[in-house]
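Before I ask anything, here is the structure I am working with.
Per-chain residue numbering starts at 1, and chain names A, B, C and D are given in the order in which the chains are listed.
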Amino acid sequence: MSYQSEQLREEKVFKDPVHRYVHVRDRVIWDLIGTPEFQRLRRIKQLGTSFYTFHGAEHSRFNHSLGVYEIVRRILENFKEHPDWNEDERLLCLTAGLLHDLGHGPYSHSFEKVFNLDHEDYTREIILGDTSVNRILKRVDPKFPQNVADVIGKTYSNKLVVSIISSQIDADRMDYLQRDAYFTGVSYGHFDMERILRVMRPMDEQVVIKATGMHAVEDYIMSRYQMYWQVYFHPVTRSSEVILTKILHRAKHLYEQNYKFKLAPLHFESFFKEAPTLEDYLKLDESIVMYYFQIWKDEDDEILSDLCNRFVNRHLFKYIEFNPNHQFEQWMELHKLFTEAGINPDYYLEVDSSSDLPYDFYRPGEDEERLPIHLVMKNDELRELSRESDIVEAISGKKRTDHKLYFPSDFIEALSDDSHIKKRILEILEG
Amino acid sequence: MSYQSEQLREEKVFKDPVHRYVHVRDRVIWDLIGTPEFQRLRRIKQLGTSFYTFHGAEHSRFNHSLGVYEIVRRILENFKEHPDWNEDERLLCLTAGLLHDLGHGPYSHSFEKVFNLDHEDYTREIILGDTSVNRILKRVDPKFPQNVADVIGKTYSNKLVVSIISSQIDADRMDYLQRDAYFTGVSYGHFDMERILRVMRPMDEQVVIKATGMHAVEDYIMSRYQMYWQVYFHPVTRSSEVILTKILHRAKHLYEQNYKFKLAPLHFESFFKEAPTLEDYLKLDESIVMYYFQIWKDEDDEILSDLCNRFVNRHLFKYIEFNPNHQFEQWMELHKLFTEAGINPDYYLEVDSSSDLPYDFYRPGEDEERLPIHLVMKNDELRELSRESDIVEAISGKKRTDHKLYFPSDFIEALSDDSHIKKRILEILEG
Amino acid sequence: MSYQSEQLREEKVFKDPVHRYVHVRDRVIWDLIGTPEFQRLRRIKQLGTSFYTFHGAEHSRFNHSLGVYEIVRRILENFKEHPDWNEDERLLCLTAGLLHDLGHGPYSHSFEKVFNLDHEDYTREIILGDTSVNRILKRVDPKFPQNVADVIGKTYSNKLVVSIISSQIDADRMDYLQRDAYFTGVSYGHFDMERILRVMRPMDEQVVIKATGMHAVEDYIMSRYQMYWQVYFHPVTRSSEVILTKILHRAKHLYEQNYKFKLAPLHFESFFKEAPTLEDYLKLDESIVMYYFQIWKDEDDEILSDLCNRFVNRHLFKYIEFNPNHQFEQWMELHKLFTEAGINPDYYLEVDSSSDLPYDFYRPGEDEERLPIHLVMKNDELRELSRESDIVEAISGKKRTDHKLYFPSDFIEALSDDSHIKKRILEILEG
Amino acid sequence: MSYQSEQLREEKVFKDPVHRYVHVRDRVIWDLIGTPEFQRLRRIKQLGTSFYTFHGAEHSRFNHSLGVYEIVRRILENFKEHPDWNEDERLLCLTAGLLHDLGHGPYSHSFEKVFNLDHEDYTREIILGDTSVNRILKRVDPKFPQNVADVIGKTYSNKLVVSIISSQIDADRMDYLQRDAYFTGVSYGHFDMERILRVMRPMDEQVVIKATGMHAVEDYIMSRYQMYWQVYFHPVTRSSEVILTKILHRAKHLYEQNYKFKLAPLHFESFFKEAPTLEDYLKLDESIVMYYFQIWKDEDDEILSDLCNRFVNRHLFKYIEFNPNHQFEQWMELHKLFTEAGINPDYYLEVDSSSDLPYDFYRPGEDEERLPIHLVMKNDELRELSRESDIVEAISGKKRTDHKLYFPSDFIEALSDDSHIKKRILEILEG
């Protein structure tokens, strides 16, 4: 039997708290899970610093990746006998689902911003480069690695396959909404996935939804909306991300200034130069980052030391509502006051803005990352979701942004009570 | 208002997936949670290496400690107006619940075994030594740290307080059974805690259970039984623990041999000498351990390198049933065969035995760690649980032991097929 | 001790699948639950004929009434020490919550429509009339029955008390959404009630919500929206209601024509005359109705017999989308065709329209049944929910209506295939 | 296509709170669900009078029957490709699962006892007699009705088929434990059915369990044990059953005495004569019974009237522990005292004994209703469960009996306080 169709002698199951069981029968999938590159995802949290807000959110990307694989598997189980589905794409689909987040590094969001990286590039490199993952994929077929990379990169010719992994209602989103809700413990994030899976239909270019399942999809869209604002953009999480970002900036700055680190930032050097090789990149995970931060707590540089202390011991910045577009003068004044007070505003004053588009229909001429959701009516006509659903229509295309100003309230409190500076800072911050 | 009775201006709540919400009103509790010693528990997994078996089991001891606190809080909420409860012990009880696991280190089970440590000693030292935790406790009362340590050490004069934290049905066990079930996703571990809390009554020396709640307690005992055998003693978890233990042994051995590490084991030195100070101890957490193991994967010492590789990339030992008491000759022969094959049996052949006593009644003259559970009947008579419950009686005092032999099947497979050694090893292993 | 403050020697608990436990300590509440008028609610299903669509929906109004009581109890537990809450209103509030649905009869919706009744009048009569409930309430205070009736009737002077029982986010709605979701098994209907209860604050005239809890309220509003369209207005349920309504019309018609029933409709007579006394009303419950329908299956009148057969054996009408406002001519033609085919359109052709307003803000000058939801901001300012919430704003005030045409497809299929009538009917129905 | 292999054009699904969805594809199954005999199960509660103890337990046998069908369907889905499974038995198995409880009447337990009936005889008659169900089964094959009856009656030649429906771990039990737990809301009754289904294997004569699934089976056995004692044998439920039994006895007695009923017991006559025809039997359901009891509340016979009042309005008997084997003298004395006090002991004093055998292995020579559970080991050897499982062994074969004495405490309280009789009765009852 060829490697690509080889089945395990006995099905392997993973006990999964979200999907109850993850089932693996394909040898290829089993082998991929066993690679160092995939096991590395155990050392990267799915929600980065969110565990500082929701203590249950300590689950890893390994968890999520298995979950996405399992959802793809269930979708394809339903497609199996459908005339519009080509069973030859099955393994490709499963593999792309499993590996779609392979390139994530520790606290990706912050690292990508500070060091100008894109985890999708690394996903691609891991799949195509000299890795255990690549060797397994090549055994399937020499062209298989490229196909997997193309599906994840959304450039694969069969758009139906792409849409199972990346669309506005794909296996990725369905897993993370449920999983993140489960581990944080919030009551949002529930929707009837079993029903959604049952009303999904393969079509030429995309997965569509039988119109009778519209309400389950509405529920999913609402879940997503609530998860974004209640969990993903939680202001406390953003506070820890601000601190993390500042640590990275400071360490880079010190490195560039030839500062003498007690612990030389070996794992970080190529990042500071914004050119980590694949090997460098794979070596960095959250345990490594935490190791450095714990040592750096005792560095002589006061800013680096203070920020690491804050991060490791969850001594976060406070925040207020603050819209830099309308409050530019206050921003300038705060900047000046902080400097006068000896609190470096480059590291201790930050506006963070988060925004989300809960659902979007296709607008011709625009650059759309994810396809809109289409319902298929009784007469086989396709209708874009927001035209049928009042609720979705109501929130469709409406971008919402939240601005917060972050600062170390303990530093401000520590200023002399008589000082004009303290009074004025408090005046501005307390509105 | 005194510090010990100071209330937060607004109740703080933590979203908890197991108890829904953890509520904090006492300033002391809030301050303790914010200490570096308590935040450190975020970097220590509640179930050590179990996440290699159950991928969801990535939750930390921080999680569990908050959960124990919350259960104690709910118990005391019910005791509040009971004549046998002294409300002055409230803060002590809450604090002991919160801090009872403070001295746990990374992978405690293995570290304690290899380096002759006891996490309870460190819990005590953190509470009584020069720490942020101690400073907060002293603000309550100079004797408060000692009282907290005594409750956790089970030597406190008021045995009722002790039994809330440590007995066969205490807040600790009730939290971990439910929490570990939640995060692993297994279907065991459920019992009606709400009912148990409602039938708990404070008595002179212990918490007792109203007889009408007996069945909920039976269910709890059964949960515990199943969790031990299905989760805590899972043979795959024990495989990863065997490897971990071997790494520690090997590193210590190399250190003692003055082996030149590429990464000197600074964080480990005092452990190798079996005399870590409190400061050394607190510096070690799972991110630090993982950092070393990842570097040591590339050490020249083949054994250390191989074992670290196995641990980091989950390339575990296989296992078979094997009772060393009855199979001593086979054990000796395997030892010899491994040596001949060039596989060092000190590191690559290990019997692991786990045993559990699901419930125990009090046997006079014996050294009992945990009190038996007493039911209080309608006429206020006390009866030991196993005398009333058929199921509990059936499993009471019955110790069960499971023996497994662990070995690297890949090494054995890699031996030459012609070799007599390989054949004989396989003969023995395959029974 | 006075009756109104009498506490049970031991708290009574009801195991409840939705709220886990319902707790009763007040003697008055316990006595009310034991009255025949309250026990009668066990014989009336909470969701009428919905069990023909969702087989799990067999739960009674007894269930729901206990649930509302329990939610009120939990709300008041939180209000207990609040300066704006008058603890003297506690028993009144609990009682009104428990009894608010006392006047519901079997399949209220259909009975009220056909016989021009209002269950709220009967709730009032049971509370004020010569009943066991009234005798208990009078023991509390001679004015107590009237106060309870006023709270339920929304005319009580303390509007805060009224709003706990009847508003857009009251104990009634919070119970039925969760309960109906639980018993039907749908995945809608979940929201974080524990959080909502914690952010509720008593104010002068109403219960308001702390702004930090807005998202939990949004989730509740969305739940409600989904439950209406997915459960309460399900077209299959409406089909069984159409049949039920037709049975009642037919029986009344026959009675007025002095038709000789095999089983004289004794329990129905006063309803046919649209003047049931309280005694008549209380005698009718779903077991009585089902008894008659089962006997009437064998009546000589073909229409009555057929309709009863359909109802008892769930042999329902089929339906299509049909808007009588735009399809009046087709309606007229169908009416004529049915008559020609010998299928009496008065009983076998019906348009049913359902509409819902998911959330409404207050519009001055309009007759509003339920108050809008107000958030209380940090500065104690009140803001109406839809001004703060994008999602709620999006659906606020938008009435949606669904029209369906119901008919017996088996009768039409049974017409001769050659018949012009059949062809034309099918043409219209199949659009 | 033949009727027996006819598939619905589109799969029908029932939303089920326990199994999420019940899936129907076979035309035969769909048609059977639509029969009046099957729909009648909606009017018979699964747990009889248990709703007087657990208010959520209002679910019908219709619910449960669909659930059993669904579990059988899932079992067979797993067996589909197994060499020891004969796919020709599939429809038979599904049908037997669906119809196995078809002969249940209202409050079967009490009716069977009082009128010497056996619901299994009626299940058989409905399947083989002149019914809609029989007509459908005959369309499959003239022998099909007999085969279905044989599977349900456990006399079918293929014992494997029988064991799916009736064994110690069959689809029937797996459904009712979970369903009854769900509707009552108790925390018992949970076990990992998904895992059990996955470890079930068809063998010659029975379904066996892979040894690796033993713990899930243990959990199921424990669930069953707890459900029996916590739910099924709850003393309050037995109180309502005692009253129900007494009503039936009294009505029969009055009928035999030619008592003039206000409402003649037409539906009961053939039951009183212990010879109901199938037609009589099918006409009786819980709505009919409740109709009579409500009318009989106003009968002149004081005993009948009082008992019906108690049943309808849940005014139950109180109970104490009472073992008639050891307390025979007290029983005799109470009997006498009741008679003297004018309280007819035939209707107002009753000992009820319930007993359960939680699990039983096969004992040669004994008459065993249900097969023991067999594990299949790695080497294909079969081992009876209690030999492998400590817990199961501990409770195996141990019959437990609970005796309670029931009496109307209100009648006793109403006796004159001076009376010697009252004092003595209370002395005995209060032990």
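Note that in this section a contact is a pair of C-beta atoms (placed from the backbone, for glycine too) under 8 Å apart; a residue touches a chain by one contact, two chains touch by 3 or more.
This structure is a prediction, so every number in the text was calculated from the model and none was measured.
Interface comparison, B-C against C-D: more C-beta pairs in contact at C-D.
Note that among the pairs A-D, B-D or A-B, B-D reproduces the A-C interface, with over half of its contact pairs the same by residue number. Distance from the chain B centre to the chain D centre is 44 Å, each centre being the mean of its Cα atoms.
One simple way to say how far apart two chains are is to compare their mean CA positions; for chain C and chain D this gives 32 Å. Once the centre of each chain is set as its mean CA position, chain B and chain C turn out to be 52 Å apart. Contacts with at least two other chains are made by residues 20, 186, 195 of chain C.
On chain C, the positions that touch chain A within their shared complex are 186-188, 190-192, 195, 215-216, 218-219, 222, 225-226, 229-230, 390-391, 394-395, 398, 400.
Here chain B touches chain A in the complex through residues 14-18, 20, 34-36, 39, 42-43, 51, 54-56, 58-60, 62-63, 66, 182-186, 283, 285-288, 290-291, 294, 312-315, going by the rule given at the top. Chain C contributes residues 13, 20-21, 194-195, 198 to its touches with chain B in the complex.
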